[in-house]
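Some structures to go through are shown next.
You will see subunit A twice below: alongside subunit B first, and alongside subunit C after that.
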Partner chain A sequence: MIALSQSKTKRLVALHGWSGVLLSILLYVVVLSGTVVVMAHEIGIWSAGNTSVAHPLEKPVDHIVRSAAKSVPPKYYDEIRIRETVNGELSIFFHTHVKDTDGNFADKGIRFIVNPVTQEVISRREGFVREVFGDEPKTALERFLLNLHIRLHIPGMLGLLATGILGLWMMVAGISGLLAHRHVIRDMFVPERSGDRLAAVRDRHALAGSWSLIFAFLLAFTGSFFSFAGSIGIPVVGMVATGGDQRALVERIIGINKPDDPRPAALASLDYMVMDSTRRAGTAPDQILITHYGRRDASVRMLHPASEGSLMGQTLLFEGPSRTFEGVKPFLGTVPSVSNTAVGLMGPLHFGDFAGMLSKIVWVALGSAMTFVILTGTRLWIRRRAEEPAWQAYRRIMVAVMYGFPIAMVACAYGFFLALPSGETHYWTAFAFIGASVLCLIYGWRERDVSRSADRLCWILAISLIALPLVRLLMGGTAWSEAMISGRTIIPSIDILLVMGGLMLLRWGRVASMFSITKPDSSRVLGPAE
Partner chain B sequence: MTDDLALVETARRSRFRAFQRVRLWIVAHPLTMRWILAGPIALILSIVTMAAMPFWFPEGAAGVDHLAMPVVIFPLIWTVALMYPCIEDNMPRATLIMLAALFAQLLVIIAAF
Partner chain C sequence: MSALITTIACVLSLCAIRTMMRGDAKRMRVVGGTAMEPTRRIVWLSRVLLWGPGIVLAALGDAAGFVIWLGALTAFGWAMVAMPHLTLAATLPIRRYVDDARYWALGRYVAVRRIIEMPSRIAELEQEVADMRRELDALRAEREDRAA
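Let's turn to the complex of A and B:
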């Protein structure tokens, strides 16, 4: 039990309520999209129809990299990043770091996409990183959803700042809710009161909120870190520590401190280093970084995902020309440190990918609970002000957003699949999302009967979820038989989940009347959580 | 000599009166002060603290903790700076603590250059 004076509790309740309700729509968008993009990688495989199970870095890559390097100007030998594409192909990006048109440092170079089996070069493009990575048609859906969560599609640093501030407000709402509650532990085990009374609404909010409190705090903190690190943190620390040179700061933090030696030297066998690294780490690398290719000071970093029983992945460092293993390279610095552990934990804790599919499912479930907390909290707030016209209007908008946003996310998948034959997936994915959002908002605003609009929007969402796998298959998506034979069970699994989700919405969907007010409430004044 | 002492005493009292006037204004406008402290002052304090940390935070074994940890804990600093004036009953004390923290961090930065 947390004992606070009445005035403090009152202020905290006001802070909790206003911080939640003022940003409830944006918080709902970021949290729900975050819940979906926990499965971003799987959505990428599902939408692209990738049936290749073997990681391309498990196959020989040395010859492919050397052949590609012959056609690349040496100015792009600064760094080579090798990884898998969403289609299971090999992406090799030879690049250097230059200032772009806005004066910011960016990677520029040549990117090859190679079939790892036939070693045939599928594409070769030169330009800045956003140009050579940005427009693969099959990545459109995954990238759109990721960008929605990461920066709400607001360009530049503003998007990161916006999501960072939302994360911060989520922390404030969580902490103020925790402090304002008199009995946090007890609230975790109290069953909700029946009916549609205000007390029952508050019970649901307190129950879901208590269970997801720590998780909400963790996600909000790690999310804020990811948003603020690039937009505020590194520029500010760079200003005082390296005179504004952010690149120098990053190199100092990461620990790239090998003395320059530009004398020419051939790189040793990459295949040998991959094999050696796999043996030491217990998993195959999912990314290779080569710095100073063709020079005596070349080094090779093998980035491995977390092996079984460990929370974080690891990076193994090799000397390029001699293929000598130099040790495990911490993410930050050259020896283990507190900041290395702290930063290393941020990713697994935010993305929930530390224990494969199991942890991702837990993250999706807890993300859904947080979405429920936002909706019930907003409902609680609106219920207490049901007679005020401004809050009635807000209620209509909230219903439109509550169903309209998931409808828009499903709509962008329709846009993606329907545009696949034309290759214009990026445009149509965004167009479908915006179109569906606008239509839902207009309908939600014009329909005065909140119950009716909730019913209809819920029905639209359910039907669009059920029909999506059919549209995917009709537009030439990977068939279930093909996916099962190749071992990509995630493709039929997502199809089944979509259909099940749609059916569940049809059966129980009007969670729903959520924002409908059946009668004026008389059971007020029950506790600080209101 | 007596005149000098009287002048000093008058100046001291006038400074004290100015301080008292500020204090009374803060006491009379707690909501406004909370908005100011939890809004712009909290943001400025958290950014300035992050900027000062490389000069006082331990470097750690790898020599990078003082550069990386400010970025890591920046959201926490901002959250604490935002919530503290909302919880504190005594607004003059909250103002004093937050401004003192701000000037202390600013002094660290100024001293480092």
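Let's turn to the complex of A and C:
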């Protein structure tokens, strides 16, 4: 594509190969978990057995919020966050911002969970945000998978930095691969050559890489943005722009709050504002934020998902006491801008959740293609070094990870369902994941025959996928008939997909032999895409 | 409606990729087939089908549809190109499974029907046997009469 000298091409190939292979295991983990968590919301519904189809915010909420507010001390009226729980209930969190035991600012308040139909209070808990939200048993699986993708379960900012660096690393691999591969367009329709030659392995990697390049770059960039933006990027840029003035920074990024007016004033009808906001945005809000409840300076923000045909959701702002529409609140800053649009696009382009199931299916396909690129690239690298003992060991580990990681993800679902009656789902979900990972790694390391270990691990994965819906039903999960009657087709759909995935693995699981080598290849000549 | 338009756009562009694949000489050398020699009209039609739906979606201001179209094109386009042998012959195992399942289901259906129909069938057969016996008795009686 771009004419480069032979020495430059060699350097690029080395950069591409090393950048990929050094972090191939972590890249594989992040990309595959990302592919799975595209469906995080659906996995949450499936695991919790939520059969409520109607969104709680489409029902009247005004009376529920007012009743709950009566039993809450006014110190928690600073902010109220109203949203749907994974069980289809209404979560209302009255809170304020205080310093926790570590000296960091955190939200503290009272959280109500209310049945939106009967308006009955299911639970009322007081504490810091991590205490009142953290241990909901039914959210364990969804939260575990999300945390795995977002921060690899590394606590604090380090996890975000790790996944952010992986995203940047992936961009480096993508760009160097594009520059090193000289015939991207010309070879766009050329499949892998037959046989188990090195060239065939290279063809497979180059083809998948060429086709998925645009979205690999896009997903890696947006992923890195999410890792770095909140933790480092925006605060650092903002601090530089405002000369270290924190108040000015908050005003510039989040927006200027109205002047304080603590005089008491009743909040206007929330139901009216929800109706008005839905009419303006084209979709029902999925979250409501009320600040300074019961005061004259109260404001209400309605967060809407993307409407049909658009990529971005929007936040509509209302004046609390008078229910007057004040305008659309930008994601960044106080007035519409190019940077605000760019930041707003990051979410939909990374999560693929802007057009319901259709966009999610495409994003899963894109994630699968990227996973394939990582696996084929690693295979190519190992294949070229098949004779070296260190790379033989790496090959064994790679096979263990390739199957072990999906097995561990399925195992954590088993841990979740089996622990559901006891309520200790968070612990057992994590325990099952770690246990399965360790066992797979030990087996993969000890088994010298890569083909055999691949076959066995593939078989374990297939059987565990097929049996998972059965375990879910046996542990009291929502039955298909109940799900179908209530219109939650996603529950049987995921069950069917799991069984189909298992059956397909049993039938075609010999992709497994990706890392096995049938005959030693003595070819050491560098090809254009190597 | 938007989802339907986007799906149609994706299908049209994927059809164009399939046509372009079959006209790619290098690909055909690799898969061991003969490249279709497309006429100028087919080449232009493929190009229009490939890019046209995306341009239409963009012109309609359907940003979500455009991004889905582009994503589907890269992901499913790759899948199509990467599987050169995805022909009827390659889908034989699937079809065999489907056929087996169909015959299995048909067999069970017929068996269940037979079991359900068994009492009435037995009654019919008994009736037939009784009729035949009656006829036989009548014939015997006739023969005995004749002999007498």
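Note that in this section the second predicted complex is superposed on the first by the 507 of 530 C-alpha atoms of A that agree within 3 Å, B and C clash if a C-alpha of one lies under 4 Å from a C-alpha of the other, contacts with A are read in each partner's own complex, and residues count from 1 in each chain.
As a convention for this text, a residue touches a chain if its C-beta (ideal position, glycine included) is under 8 Å from a C-beta of that chain, and two chains touch if they have at least 3 such contacts.
Treat the numbers as computed from the prediction; the structure is a model and nothing was measured.
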Subunit B and subunit C placed together on subunit A: clash or fit? fit
Partner touching more residues of subunit A, subunit B vs subunit C, is chain B
* Classify the contacts of A:7 with the two partner chains as first (subunit B alone), second (subunit C alone), both, or neither. => first
Exercise for review: Mind working out whether A:69 is in touch with subunit B, subunit C, both or neither, as first, second, both or neither?
Suggested key: neither
Inquiry  = For A:224 in the superposed arrangement: first (subunit B), second (subunit C), both or neither?
reply    = first
- Query: Does the superposition put A:38 against subunit B (first), subunit C (second), both, or neither?
  - Reply: neither
Subunit B versus subunit C as contact partner of A:167, first or second or both or neither
first
- With the two complexes superposed on chain A, say which partner A:240 touches: subunit B (first), subunit C (second), both, or neither. first
Could you say whether A:440 touches subunit B, subunit C, both of them, or neither, answering first, second, both or neither?
-> neither
Closest CA approach of subunit B to subunit C after superposing, in angstrom, is 21
The shared contact residues of subunit A with subunit B and subunit C are none
Subunit A partner, complex, touching residues on subunit B are 47, 50-55, 60-65, 67-72, 74-76, 78-79, 82-83, 86-87, 89, 109, 112
Note: in the complex, subunit A contacts subunit C through residues 186-194, 204, 207-208, 211-212, 214-215, 306, 308-311, 348-349, 352, 354-356, 358-359, 362-363, 365-366, 368-369, 507
Subunit A contacts subunit B in the complex at 4-5, 7-8, 11-12, 15, 164, 167-168, 171-172, 175-176, 179, 220-221, 224-225, 228-229, 232-234, 236-237, 239-241, 249, 252-253, 255, 330, 332-340, 342-343, 346
Seen from subunit C, its contact residues with subunit A in the complex are 1-3, 6-7, 20-21, 24, 26-27, 30-32, 60-65, 67-68, 70-72, 74-79, 81-84, 93
